[in-house]
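The following pair of complexes shares a single chain, subunit A, combined with subunit B in the former and subunit C in the latter.
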Partner chain A sequence: MDSTGAMGQVLSSKVAPVVENFLQGSVLDTSKDVLIHRLRGLCDNAENQPEIFHDHEIVFIMQGNPNQQPINFHARHSLMHPDAWHLRYLGVADIGDKNKLTLIRHCVDAGVSSNVVDFLNEMGFKIDFEFIAKGYFFHKGRMKVTVSKLYKILQPGSTDQVEPLSQSHLVELSVVAPRVQEQIGEDMKNFAEQLKPYILYKIELKLDHLQTV
Partner chain B sequence: MGTIDVYPYPVPEEKSGQQVVDTIQKQLELLGAHKSGNFCVDCESYQSNIQTATQQRLLHLFHNSEQPATCFSVLDSGICLVSDLLFEVLVLKLTEKKTGKECYYQQRKGFKVESKGQRYELGDFIVKVGSVILASNFRGILIEVEYCPCVIPSECWNLMKEFMQSFMGNMAENPPAHIKSKMDTIYTPEDTIQQYLEHFNNFRKATSASVPATPNR
Partner chain C sequence: MQKEEKQLEQSLEGLIQRVQELKNAIQLFLLKLEHEYESLNWPSVLDNFALLSGQLNSLGRLLKNDKVPALRNHVFLPLVLSPDRDAELEKLTERRVMMFNHAVVPDYLRTKPEPEVEEKISQLTNKAGTVVQETAQKQFNNLNKITSNLLDIINSAKEEWESESNQKSSQPVTFSTADTNNLVSTILFGKSIKVTRKPDTSNTQSQGMSNQQQQQKVQSATVSKAPSAIKTQIKAASSSHPYQRP
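Take a look at the complex of A and B:
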């Protein structure tokens, strides 16, 4: 009944999904519809309309003295269902290994109650930056594909007054798995190949750009 | 999920904890309650180590076997975050010491406390007789009584009181302090955790008062 032991077990037995394989790219707004059309054909549930999402993400940072490494937590909730919050830790992507087909980073997801913003503030976190992501969601097997437009928030706290960040949509392919598996990278690369005419792939973290918002 | 009241049960000096637990369990069985497994509520505490913050924070991480996929985190200010079990991994991230770096939160040694024991069912009631164990020492008994069909404490208090008095005597004269302030609101699992936190803190205080020489508390 020792739950910390149980948690340790979950982690050591590698059941918890904690590794994210991902690829990021961008598509110009003008070509977005063509890409959506193609994705509908390539992904599961082609007969349905693509799922849409409209999310608000707040990135928190914990910073202490120079001896402490800053740490980021991403709190995200849907503006369509504002009470459903989600907290995420993302590690730094491993870009050193050129042999890897995708970027890989540590990733921990947890559903949380809606008082998470107050809770993180009281824990000692500060808001680093926030943005709105609006777009489409597809899945193919366990691969998640999102095409989203990012908006910056003009007035902190008000999610209605927004301005597009660029004239492109962000395209993300992601698979969260319990451990690093070669096969996942292979599948993702094959999938990405089929989108190549439309998307420019970048091996870069989108959030680096956002931090200047 | 209904309404839950948690009470400490005194252990007389001439008796051991196990003897008192046995007596309560016997009484419950005489009332017609049947065993329905074990239960455990546990709590680990972490202390903040953030120089820029104005004050030190204490973070209590709770698990309740009744909600096995949930983790409850309570800060000393009283705010409670209800989350997936994986939130614990996020807390581990804050306690991680990287090479040459300091962590933001650190676990308080010898502060782990849990209440565990037998779970009973009797009609619409669930009764849990828990032995409180602090740093692997027995510290006392907590009895949790749940009345499943009702979520508004004031609506079922008299009924619960009568039931509790049938085997706990006059221990349950008044609603627990935490419940008293919200008799007319809907009861949630978070309220159970707040009650346990209050009792666990009392046990910890009692321990540090009786053994002042222990340095790690």
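Take a look at the complex of A and C:
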């Protein structure tokens, strides 16, 4: 019953002590191509065409104790390879430390089978929201860079009828590491500097968002 | 009366000063042309011309000034003509005019153009008078057309230049902070895509309805799945689930 507590235990006992360093930003659609071009130059495998993805993400939520943050899971599957499912737990980003160069949150990643939706439902999770993300994927060493356009699903369940959410592409930089390392933040910051004229990196994510949605 | 005389004197002083400046500038320019013609480049020649034109402009402005009395109302009357050298005049004119005699006066105090010029002007006026009205109109129109075309071309070129330089000076907008905020809150909290639900009041009917919606969502999310017994179990499980939706 007390699954939030269980998750807390998992994290505190370092069963899966993985943290994600991440930076988020956006680029207007009109400037996207320039950014893609630059990323191709900056990231590995510059000679290849950038990898593309077209994913459907469903976010499940379970409110255990009303006094605690609800637990959520991000189930994502590719619409290009419908059987490839991926489940991700994301902790709340650590925003307390202003000295950190990136945002840091706990995360657990797992490849799962396609009946994960049923499984989560049986566990008592509810669908909180879902969206479509379509875009490009780059990597540089262990850093992952995605440039994606988010779409709103007009008809629940139908991934064909979608509507773009804004005039911008979301840009995410992420490095998953076993523990918090200063060096990673430094590297990511330097990388982000290279994209600076094109993107604004959001370093401070306000907790207010929780209240506004 | 006295006031007017004072004004005249002042404005004359101003005029003399301006003319003096103009003269100096021309002298300098001539000197440059004569002595530095080898190293002189076009931009600096243009600079000199600009200087001259500026000084001419300010002279013109001075003449048009309200405080300057209308000079044409004043008569300049030569009282004495003398064939002797005039030392004072020589000094004033920097040895250009030695004496104030019958030879120079008609040149310096001339109010009409030279006879040859006058003749030419009258010739041209006659010629203009003989042109047929229609032809004149035609030429008129042609000239106007050409001029306006030229103006158009110049203006469009100017606009092009200006917009180009504007583009260069201002960094194009490549991102929007509002979009960043929106997108980030979307992927994290489902902002603007979350289905707004009524606050949970343990109303069994609405609960059941939204459960059904939920069910539909789940079903369609797993499109390719073959219908099986699990589905009915989910229904049972989810509808009887103890947890309330936030």
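Here is the rule we go by: the second predicted complex is superposed on the first by the 181 of 213 C-alpha atoms of A that agree within 3 Å, B and C clash if a C-alpha of one lies under 4 Å from a C-alpha of the other, contacts with A are read in each partner's own complex, and residues count from 1 in each chain.
Going forward, a contact is a pair of C-beta atoms (placed from the backbone, for glycine too) under 8 Å apart; a residue touches a chain by one contact, two chains touch by 3 or more.
The structure displayed is predicted, hence computed values, not measured ones.
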| item | value |
| --- | --- |
| Contacts of A:Ile153 with subunit B and subunit C, given as first, second, both or neither | second |
| First (subunit B), second (subunit C), both or neither touched by A:Gly185 | neither |
| Contacts of A:Val108 with subunit B and subunit C, given as first, second, both or neither | first |
| First, second, both or neither for A:Ile127, with subunit B first and subunit C second | second |
| Which of subunit B and subunit C A:Gly64 touches, first, second, both or neither | both |
| Which of subunit B and subunit C A:Leu170 touches, first, second, both or neither | second |
| Contacts of A:Val117 with subunit B and subunit C, given as first, second, both or neither | second |
| Partner chain(s) touched by A:Gly135 [first = subunit B, second = subunit C, both, neither] | neither |
| Dominant contact partner of subunit A by residue count, subunit C or subunit B | C |
| Intersection of the subunit A residues that touch subunit B with those that touch subunit C | 62-64, 115, 118, 122, 124 |
| Of subunit A, residues touching subunit C in the complex | 24-28, 30-31, 34-35, 56-59, 61-64, 70, 82-83, 90, 114-115, 117-118, 121-122, 124, 126-131, 133, 150, 152-153, 156-158, 165-168, 170, 197-200, 202, 205, 209-210, 212-213 |
| In the complex, subunit B residues that touch subunit A | 38, 40, 42, 44, 48-53, 57, 59, 63, 65, 73, 75, 77, 79-90, 93-94, 98, 100-104, 116 |
| Sites on subunit C touched by subunit A in the complex | 171-177, 179-195, 213-214, 216-225, 230-231, 233-234, 237-238, 241-246 |
| In the complex, subunit A residues that touch subunit B | 1-4, 7, 10-11, 16, 18, 62-65, 67-69, 71, 73, 87, 89, 108-113, 115-116, 118-119, 122-124 |
